[in-house]
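There are structures below to look over.
Heads up, the next two complexes both have chain A, just with different partners, chain B and then chain C.
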Partner chain A sequence: MFDNFIFLSSAALAIGGALSVVVSTNLMHSCIYLLMSLIGVSGLYVTLSADFLAATQLVVYVGGVVILMLFAIMLTAGSDNKTVNRFGIVKIPPMGNLKTYIMSLLTAGVMGCSVLKMIMNINQTTKLGELPPYSTTVEQIGTLLVTDHVLAFEISSVLLLGALVGAAVIARPRLENEVTK
Partner chain B sequence: MNSSVVSFFAEAPPYQMAVAKLTEILGFDSSVLMAFVTFFLASFVVVNVMALVGGLGTYAERKISADLQMRLGPNRVGPFGLLQFLADGVKMILKEDIIPRDADRFLFIIAPLFCLGGVFATLAVLPFSSGFTLTHLNIGVFYLLGVSSLVGVGIFLGGFSSNSKWSMLGGMRGASQIISYEVPVTLSIITIVILSGSLAFDKVIGIQGGLPHQWFFLHNPFTLISFFVFFISALAETNRAPFDLPEAESELVSGYHTEYTGMRFAFFALAEYIEVFVVCGVAVALYLGGYQVPFHLSELHFLHDTLGVPMAPARMLGQILEIGSFVTKTIALYYVVIWIRWTLPRLRVDQLMTLCWKYLTPISLFNLVGAAFWMWAFKGESVWTLLANLTNSVGGGH
Partner chain C sequence: MISLPSFLAISFILFVSGLVVMIAKKNIIAILLGVELILNSAALNFAAYTRFVNQNLDGHIMSLFIIIIAAAEAAVGLAIVIRFFQIRESIHIDDATQLLQ
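Moving on to the complex of A and B:
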């Protein structure tokens, strides 16, 4: 009962948030709905007893990515709040031309097929699945990260170092003679 | 399953009797229902008590600032002006609720709720005592870092949605400050996590003892520095002076909540005061021994076996002693936070970022490496244990 309650509420939050992201005409509101959807996904992780993943979802997305998105939207969008179509989305109601429609149809077809392939298995097994008993995942993830997956771990840190160096290069103050060159 | 306030109560006979009785009346296994109700009641009590703490925080702030400036402070409502925060609350509710015409209504309404929600979510893992913590998550510290970042979103949205330049600047400052200072906070917390080997608050506290030399604060030189880094960064994360740039009165009127009135403004203020309490509580749990009581006074076998207190009161007495230990240390830190606010002048924005990225972050990185080295070299023994061993061996204690 308790698990079902958590599952249903977080699934509703995830799906409702995702739908609202698409339906909303205001980019800033979309971002907040996305935040709700991500919190819902984190709740789904909790019901699957992936506690570390759920907390990581919160730390990375709520604390980092969404705030970054909000900053980006705020800095790129105009501050004029009266017109609805300040992002040029509502100006063209169908939002696209023949090319984009064909592309979207193809994408929807591919995605629908893959979802169907996943759902097909439901009919083949009638037995209800049992989740394994709850156990902590932090120690297991930590051990795996520095033993089996140490290469991926190191490569991701090289990626982060690259991003850091890139940011430093972009943000560093230019010297006088560099500008004149 | 994680232990929680429900599992603490479930050990008591009256709880089991109530479950049996309910099962008899309702005709189905009501242990889940009972757990749900207990959780609800416990959360209700904790949230309300913390709201009261937030309210008293505003009173303490005004009274202590008055002391530091040789004024009297609030002294009209109730004894020593203690009920001033209730009067303020009533005033806030009666105020007209103004939403600016050009504001983004949806975001304007939701922003204070993000702040308050983020702070209240952290209360789930705040370790008041070994039994009365709402839940002992085994990723408690990490969870707390995650949900507390909702406050940053709330502050940013409050600034953006007001559609005012002052609010906007305050919101941007708030968000950038909170994101930046999360780095030294997290790094100093990891220092403690390395030494204790766990992300759960109860394990971190369990390793420490009741007396100061058993705390992580005085465990080794690196944790000593790490405590100060954590405390300074936590001040910045909760937007307290000398880091209260998001609401700098002299430049930004009132920063991100300039356009807010009535209860919506009160939500922001309440969230700030409760967050200060939570942050002080985390500092106490990680560095100052948490709810540990000196000389094992709160332990069941001492109260029950040695003193002969009956079982049920002994359990309760132990918990109350632990809550007392935790709250005393937390309020002492709370006093320091207010004291700092009314002593130091506000930093400039560039000084704030310099302090974070050029001083605190490298220092906490150095601490992290140092703590790891300490674990490797001395097997995580504290300075005092090493000194005792040294004196023993020098004194010829074979």
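Moving on to the complex of A and C:
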């Protein structure tokens, strides 16, 4: 029952967000719909009992990538591109409309149920030699990362450093005395 | 209800949405949004197969690396978009016709 509720609301968020990204013509709106879809995928990870993956999805995607995209949209929105609203969100009424209420209700439900599902079995005591039904995966993932997959782990750290330096070099502001051909 | 085919169906819808966004939209940032959707569908498939087919956590590790690479890709892609906008004053994909300014 509880799992079914999380699954249904997360699936609705993910699919509705993805389809809205396709349909929406405003770039800022489609970025917010992508946020909705990513939160839905995070809820789906919770139903798959992948709690570390769900937390990582929330932190990296919702907290990092989407915010980066919003900044990029706002930095480039001054162009005469017709699909970009100049200030992005002026069309939304201040208190929101039915669509934003539905979005926020589903998101709050998914997040609340996810946290509840993670902390629900803290006080449960299981018999000796018996695993709880949903044990946390953080310990096993940490062990796997530094034993079996340590090469991929190190390579990904080098990749992230390269991406950091590359992004900083590419997006640096143009200097005044820089010769442009 | 919570079974492998339903997760595969959701992942399929995410993938097709991302593909349609990548093909149909003419805005570079919108194309990056489509790439994020496709990477998410792949990561969801890995997690679903880990849960329902084999119980070891290799699929979780793979999803984790997909998330890492998506973050790196988004950073570099958006840096390129911002640089392109500084040079061309536009983020329309049809304006990106040459590598050298």
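Everything that follows uses one rule, which is that the second predicted complex is superposed on the first by the 112 of 181 C-alpha atoms of A that agree within 3 Å, B and C clash if a C-alpha of one lies under 4 Å from a C-alpha of the other, contacts with A are read in each partner's own complex, and residues count from 1 in each chain.
Basically, contacts are C-beta pairs under 8 Å (C-beta built on N, C-alpha and C of every residue); 3 or more make two chains touch, one makes a residue touch a chain.
Just so it is clear, the model here is predicted, and its values are computed rather than measured.
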Next on the checklist: Clash or fit: chain B against chain C, after overlaying the two structures on chain A?
Outcome noted: fit
Checklist entry - Which touches a greater number of chain A residues, chain B or chain C? => result C
Next on the checklist: Just checking: does A:L159 make contact with chain B only, chain C only, both, or neither of them? Give me first, second, both or neither.
Outcome noted: second
Item to check | Touched partner set for A:I67, first chain B, second chain C, both or neither | outcome: first
Checklist entry - Touching A:T147, do we find chain B (first), chain C (second), both, or neither? => result neither
Next on the checklist: Contacts for A:F52 in the overlay, against chain B (first) and chain C (second): which applies, first, second, both or neither?
Outcome noted: both
Next on the checklist: On the A-aligned overlay, A:A14 touches which partner chain: chain B = first, chain C = second, or both, or neither?
Outcome noted: second
Checklist entry - Does the superposition put A:L27 against chain B (first), chain C (second), both, or neither? => result second
Checklist entry - Least CA distance chain B-chain C after superposition, rounded to whole Å? => result 13
Checklist outcome for this item: So the chain A residues that chain B and chain C both touch are 52, 56-57, 64, 71, 79, 81
Checklist outcome for this item: The answer for chain B against chain A in the complex is residues 1, 32-33, 35-36, 102-104, 106-107, 110, 137-139, 142-143, 145-147, 149-150, 152-153, 156-157, 160, 163, 172, 175, 179, 182, 199
Item to check | List of chain C residues in touch with chain A within their complex | outcome: 1-2, 6-7, 10, 13-14, 17-18, 20-21, 24-27, 29-30, 32-34, 36-37, 40, 43-44, 47-48, 50-51, 57-58, 60-61, 63-65, 67-76, 78-83, 85-86, 89-92, 100-101
Checklist entry - If you look only at chain A, which of its residues touch chain B in the complex? => result 1-2, 26, 28-29, 32, 35, 51-52, 55-59, 62-64, 66-67, 70-71, 74, 79, 81-82, 134, 136, 138
Checklist entry - What does chain A use to touch chain C in their complex? => result 3-4, 7-8, 11, 14-15, 18-19, 21-22, 27, 30-31, 34, 37-38, 41, 44-45, 47-50, 52-53, 56-57, 60-61, 64-65, 68-69, 71-73, 75-76, 79-81, 83-84, 137, 140-141, 144-145, 149, 152, 156, 159-160, 162-164, 166-168, 170-171, 173-174, 180-181
